[in-house]
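A, B, C, D, E, F, G and H label the chains in the order they appear, each numbered from 1.
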Amino acid sequence: MKELRLMKGNEAIAEAFIRAGADGYFGYPITPQSEVLEYLMAQKPYETTGMVVLQAESEVAAINMVYGGAGCGKKVVTSSSSPGISLKAEGISYMAGAELPCLVVNVVRGGPGLGTIQPSQGDYFQSTKGGGHGDYKLIVLAPASVQEMADFAKLGFELAFKYRTPVMIQSDGVIGQMMEKVELFEQMPRWTNEEIKKISPWATVGKTPDRERNIITSLDLDPARQERHVYKLGAKYKEIEENEVRFEKIQCDDAEYIFVAYGSSARICQKSIEIARAKGIKVGLLRPITLFPFPKKVLNKLADQVKGMLTVEMSLGQMIEDVQLAVNGKVKVEHYGRVGGMIPSPDEIVAALEQKIIGG
Amino acid sequence: MKELRLMKGNEAIAEAFIRAGADGYFGYPITPQSEVLEYLMAQKPYETTGMVVLQAESEVAAINMVYGGAGCGKKVVTSSSSPGISLKAEGISYMAGAELPCLVVNVVRGGPGLGTIQPSQGDYFQSTKGGGHGDYKLIVLAPASVQEMADFAKLGFELAFKYRTPVMIQSDGVIGQMMEKVELFEQMPRWTNEEIKKISPWATVGKTPDRERNIITSLDLDPARQERHVYKLGAKYKEIEENEVRFEKIQCDDAEYIFVAYGSSARICQKSIEIARAKGIKVGLLRPITLFPFPKKVLNKLADQVKGMLTVEMSLGQMIEDVQLAVNGKVKVEHYGRVGGMIPSPDEIVAALEQKIIGG
Amino acid sequence: MDIKDIIKPENLVYSKSKLFTDKALSYCPGCGHGTAHKLVLQTIEEMGIESETIGVAPVGCSVLAYEFMDIDIQQASHGRAPAVATAIKRLMPEKFVFTYQGDGDLAAIGTAETIHACNRGENIVIIFINNGIYGMTGGQMAPTTIAKMKTSTSPYGRDTAIMGNPLKITELVAQLPGVYYCTRQAVHTAAAVRKAKKAIRQAFENQKLKKGLSFVEIVSNCNSGWKMTPVDSNIWMENNMFPFYPLGDIKVPTEK
Amino acid sequence: MDIKDIIKPENLVYSKSKLFTDKALSYCPGCGHGTAHKLVLQTIEEMGIESETIGVAPVGCSVLAYEFMDIDIQQASHGRAPAVATAIKRLMPEKFVFTYQGDGDLAAIGTAETIHACNRGENIVIIFINNGIYGMTGGQMAPTTIAKMKTSTSPYGRDTAIMGNPLKITELVAQLPGVYYCTRQAVHTAAAVRKAKKAIRQAFENQKLKKGLSFVEIVSNCNSGWKMTPVDSNIWMENNMFPFYPLGDIKVPTEK
Amino acid sequence: MTEEIIIAGFGGQGVLSMGKILAYSGIMQDQEVSWMPSYGPEMRGGTANVTVILSDSRVSSPILNEFDTAIILNQQSMDKFESTVKKGGILLYDSNGITRHPQRKDITIYRIEAAAKASETGNTKVFNMIVLGAYLKIKPIVKLENVIKGLKKSLPERYHNLIPQNEQAIQLGMDNVKLIQKV
Amino acid sequence: MTEEIIIAGFGGQGVLSMGKILAYSGIMQDQEVSWMPSYGPEMRGGTANVTVILSDSRVSSPILNEFDTAIILNQQSMDKFESTVKKGGILLYDSNGITRHPQRKDITIYRIEAAAKASETGNTKVFNMIVLGAYLKIKPIVKLENVIKGLKKSLPERYHNLIPQNEQAIQLGMDNVKLIQKV
Amino acid sequence: MAKIKGAIVVEIEKCKGCGVCEVACPTQVIKLHTDVNGKGYHFAYMENPDACIGCANCAMVCPDSVISVYKMKVEA
Amino acid sequence: MAKIKGAIVVEIEKCKGCGVCEVACPTQVIKLHTDVNGKGYHFAYMENPDACIGCANCAMVCPDSVISVYKMKVEA
């Protein structure tokens, strides 16, 4: 039987790295996610599974360590929070360009700048539209529970290797710091060198006589070749949009209105639904689980059914653009959010629905 | 009379910094914009206007030098190209949070990663949606000529100080490397210490007994206060959207189709218009000059007039989202672009118009 | 005689620097940050340069230094205070500029900015609080954490074979020609405070004379991070930190 | 006797390393990068470790090292090769890992990664090509540019008062306990090439013995950036670079 | 059944671990639980609080602005959280250090002199267990045996010898809680 | 009038500066101009080219894939740019180092032995001015006096003494350009 | 004979009870109070005021600058 | 008496004419050709083949590794 534990989101994801057979974690402390590294250091997986855990000198070093490890076909991961993720932007862009699989966890805090250490969802644009330079996309998973923190570590690695792409797990201070019960999946063995050679034949593990040398790079000085490469990336993102959309529909069947919210906001919206339905307002929730690929189609379909949508984000309104792009003018879309580390309460969300959508 | 010169875009903007009375430039070499620092070092403005020019140890150091200078109410600027801009993401977010005026020039090259040194417009999302973390916006100016490289240096400083916000000048390898004739505005004096105290009473120039101490920070550990701060930023961005939209309409009056393109793509589209109109296709060009604030209203209005819009970008399609958001489903919007340092030719753009919009 | 007879304005011999704001320090009880703040402010007050001084606060427990010091201050991003200070000083060479940084800030993420500001010989003062730990974020290992020391990210003690050696950044920067004066001090006893005060004064005087960069390390406690009482932490510091980070001048101006 | 009698397979005493690919080197005529590449490849070939070696290329003229070296290589982002190599080595401790970096890459933007990889004593080899300039981007000033030297961003010569002092990063890292072996070499004469070769071999042997980090600086020319002929650039290097960057071992293992 | 609780006091009073034990106890009897702490440097010598939810169905929002029960252990927390108790809900507090006692008339108020009792026992560390006992007396939402199981889960093995003394403290709390006002 | 030109050859042949002088000459007679070079490290010992446009009206795209005139100075450039000359346009080339001469039949072709002439004069630096002269003979789109003005603008003051010798080189080019094929 | 007498004033509400002053005092003047202040700290006070020589050691090491020191010469 | 005779082979098309080998040769064997190769470089060649002692200095310093060195003992 799987194990049941009461854990913080940050601890659960750290434990899940170990169990998912991760080869290496490289990180730098920052609130509200320092427990990830702390948990790993306390567990010492290097003495059990052989997983490397290293506190880097900075976030920049950490993401480049991840680059190095991923280039060897290893399962590697880093975690940070908003300012630290900004520092990793160049490295993430490199990894997307070099088509390297890895996990990057962002336990979002309030920005811009040093901002606040309290929860926020202000990094949606950064994660989904490209914090780094150039045409690239990350697969972005948004866990809404401690259970998903653990599960998405495994899923994230699967997707990363399936598409040879960095995967971002976008959490926030609520999900990272809260404890819930979590059913942990069983320990998976780390890949052997032989398995890595099969799974990632492109990896730089030493050029044996049976193959051409392997190169990890994001550079091509020949524009025609570089263009082909970028088109190939573009095709991959299209494929991901076809295959990997994930979302949760809650009480949408009879809904006249829809909340669109992810992560901790989606949790709060569930309480809002209880309140609203008690008042007779038929509202449901569409929770994007993948922020990229964004659940456009289902939203576009829901737009035919409902009278309006309210996006609820702990930001000034970022995901709302993707919702608007999805519904393409079919239905009214408004945003409600709190910022700066403030968290919207279930009833103020209901009030916003009444005011901006139903009454508005 | 103003001076007329044949200059590279990179040289023109460097000369314009001096003439705009800039106090400091901090940068790190990267192709295709190294001429900016080289020009300044050759001119030695520190011996004439007193402007400081410093080659920093990295882009991260450079943006933080800009932070320091801007915090003193000085006119300061940095320039780089795509990977270097990614490294500046944290610093830019800090400056937005601390409400510091400055100029950041991005002479975009092809990404992601090290990519190519050839021209690209793949950093649109990064500039307009937020490369750094948190809710913030930059004013983004997109010059389409060497003349505008010079003029926008001046305009950029004006806007930066008007709104206490970082301003991004988003150029690309074409505009940076090409020479055109440019009419240089006259040398403006650098602000005196007295002027700075008046213009930027918030600046840290030493706490005199007549005022409270000045603090430059983006941090507020109290969520309620931080929320007020972020709302204030939000209000500022709204104000900028009201007041500072800039665009150029070319042959739109009788247009049945519209190209939407900025920077060097807009230059190429003008040639495409010649070609298309010779064929009897009535096409015009809407050139956003400010990428944020985006010329939403004019596009929404044009959507009532035309049959379709083609965005032309040297990317996989980024600005197209803003165009779609602007027209809100009223009219068909498609994207045509080249990537990886490849530059679309005028006639392939016309072909794309015929195929994707007129025929499609 | 009665105490009231002693406690009279004319008998006052030591009190809080006037350059402190009214806000209570946010530091943990017994934390050396407060003492170090005081010495910086006393120096500025004595030199009468409060209206000409711009401080640069780091990211670390002293991120809020600007709440407590009644002077103009910029709060820099993590590790970049030397770059921020470089620009301030270059743009306003007539002002006094100092950074105040922790060991994570200065010697981990900020290594490049530290080395290069030092190497350029920027005419600034760097006050470097080495408490061998990341205080602010809850006691993680710092580059300066000594061997075997327990922190939240070295819960079984720093294993130098895996986690690297403690970094004597001060000895490193002392090698650079741009560094004019470099010293290591402490603030846990009155005698140490007196010496540290003198060192800080010297550093600011150097800046006045345009001598280049002055670097003052203060080995300090982080009783919260170390999980000790303040008094015990100071004893532990003497017994464990000082042998590795010996106090005293590391580089002194040769000219006089 | 006829030359043809000499030019026979059995008389071959020196030829191109087999670990070069067929691709012609993209370097400027006379550039030391090519020679340095050769020494690295010869070492790997001699030790027979080509299937166990992973190289890390920098951003700089040698960004394309992977085009020329017939081994597995990762191209790291600017300055971060030591971090990339750290992870590779830690995840595959049985492999040989080296970085190949220019002076801008290693000593400017990459300062923190260099210092910390050295300080952790990562069991890798760093080959550091110091040509006193940013070759790739068109000859801008590097941290290592010597005083008064002209570059495109110091067109009137490096004014150390404004632009800072040339940085002897090699002497700095030699201080760190994690650095086991540290030497400065050149590759412009046959004698220098022989010594440099030996140093690189020593470095790789150290890695085999798990001794920690070996750091081999090669002072080299950038005739394009220096705007000289290759031959003149080598003479200039001897006269101007070597006095400031003296060749020879800086740190040698004390044990034997 | 859903019980939404806020526990608030000084850092160091064991607020977070008390919440954790409660949450673990819920798990032991197959409930859904969530535990959401305040976090960050302001906790340094400052206040700490934790929201604990125990429910028979999936917990929606882990963050609330109204609570069934508020357990309040210093004045700052009283100022902040008295108003967040739902009408008809419960406020339990320790009067040590309290300068302004609760004033609401629409809630039920209990007091437990846990600090005093703890120092009487000579073991101030069991303070939070006394409070927990008081709470469980008022609202026996988890069985004592499950609390003990929860304790075992949340304490590292090497501290399991302390469990009996924690159990006694819980009993002490149960025995000493006082009803101040009933609605 | 709009003239769209590509000049292509080795780095070091003065391709970029020839384009610059041409552009400056245009400015001297009040035309609109643009000058767009190839750039980057592949120029290291490799090829260099520049697109120059002179026009009476605002220049739209500075980047083109068809040209009125191509000036071609090595084989690689011939391979790359011969096909880009507009039908009826002009191709001017120096045969030095050319292994495959132009083959198109629908364009006018001129040759200038500029490398040979330059080494005859003993000053290989004027190579590009000889080419410029040849071009201006074919297409006198800018007046010689404006070229001299353009030269003055693009050369630093300390080289102005070299202008006469550049002028002679231009003349040399004008005198030696040969028509190979006329359409 | 002239003797030096000292005294200190502790800002009780700002004292954090760290005890650093206590160990710094050469004449064992200072103790931490059994009572706590509004923040819950056992604040410092002069337990042996007579022993105070006004050396300011305590104030010098007080991280929170909450000690003021007074000193005067008295004829013994 | 046994004498050492050497010879070099330059890959002409890959030579970049840098001249580094020329100055490295202790016996002035090498010169740069007045002709150029396909890339336009004046390539290196043995101008005094008889003087070659096969020391490989030239090859050692050749940045492009385009020199192969041959050596044999010949009876004088």
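Here is the rule we use: a contact is a pair of C-beta atoms (placed from the backbone, for glycine too) under 8 Å apart; a residue touches a chain by one contact, two chains touch by 3 or more.
Just so you know, these numbers come straight off a predicted model, no measurement behind them.
Chemist: When the contacting C-beta pairs are counted for A-C and for C-G, which pair yields the higher total?
Modeler: C-G is joined by more C-beta pairs in contact.
Chemist: Select the chain at the greatest separation from subunit B, using centres from the mean of Cα atoms.
Modeler: It is G.
Chemist: With chain centres taken as the means of their Cα atoms, state the distance from subunit A to subunit G in Å.
Modeler: The answer is 55 Å.
Chemist: Rounded to the nearest whole Å, what is the centre-to-centre distance of subunit A and subunit E, using the mean of the C-alpha atoms as each centre?
Modeler: So the centre of subunit A lies 34 Å away from the centre of subunit E.
Chemist: In whole angstrom, how far does the Cα centroid of subunit F sit from the Cα centroid of subunit H?
Modeler: 39
Chemist: So, what's the distance in Å between the C-alpha centres of subunit H and subunit G?
Modeler: Averaging C-alpha atoms per chain gives centres 86 Å apart.
Chemist: When you check subunit H against every other chain, which residues touch at least two of them?
Modeler: Touching at least two other chains: 16.
Chemist: In subunit D, which residues are in touch with two or more of the other chains?
Modeler: Those would be 27-29, 63, 75, 77, 108-109, 111-112, 116, 136, 143, 163.
Chemist: Among the residues of subunit B, pick out those that touch two or more other chains and give their numbers.
Modeler: Counting only residues that touch two or more other chains, subunit B contributes 31, 54, 57-58, 60, 83, 90, 94, 98, 113-114, 117-118, 217-219, 221.
Chemist: Mind listing the subunit D positions that touch subunit A in their complex?
Modeler: 21, 50-54, 56-57, 63-64, 66, 69-77, 80, 83-88, 90-92, 95, 112-113, 116
Chemist: Within their complex, state which residues of subunit C touch subunit G.
Modeler: Where subunit C meets subunit G, its residues are 1, 3, 5-8, 11-17, 20, 24-25, 27-35, 38, 187-190, 193-194, 229-231, 234.
Chemist: If we count contacts the way the header does, which residues on subunit B are in touch with subunit A in the complex?
Modeler: 60, 82-83, 85-87, 89-90, 93-98, 108, 110-118, 120, 122-123, 125-126, 129-136, 217-231, 233-234, 237, 315-316, 318, 321, 324-325, 328-330, 338-342
Chemist: Could you list, by residue number, the parts of subunit G that touch subunit C in their complex?
Modeler: Subunit G residues touching subunit C: 5-7, 9, 14, 16-20, 22-24, 41, 46, 49, 54-72, 74.
Chemist: Report the residues of subunit A in contact with subunit C in the complex, numbered from low to high.
Modeler: Checking each residue of subunit A against subunit C gives 28-31, 34, 37-38, 41-42, 44, 46, 54-55, 57-60, 83, 113-114.
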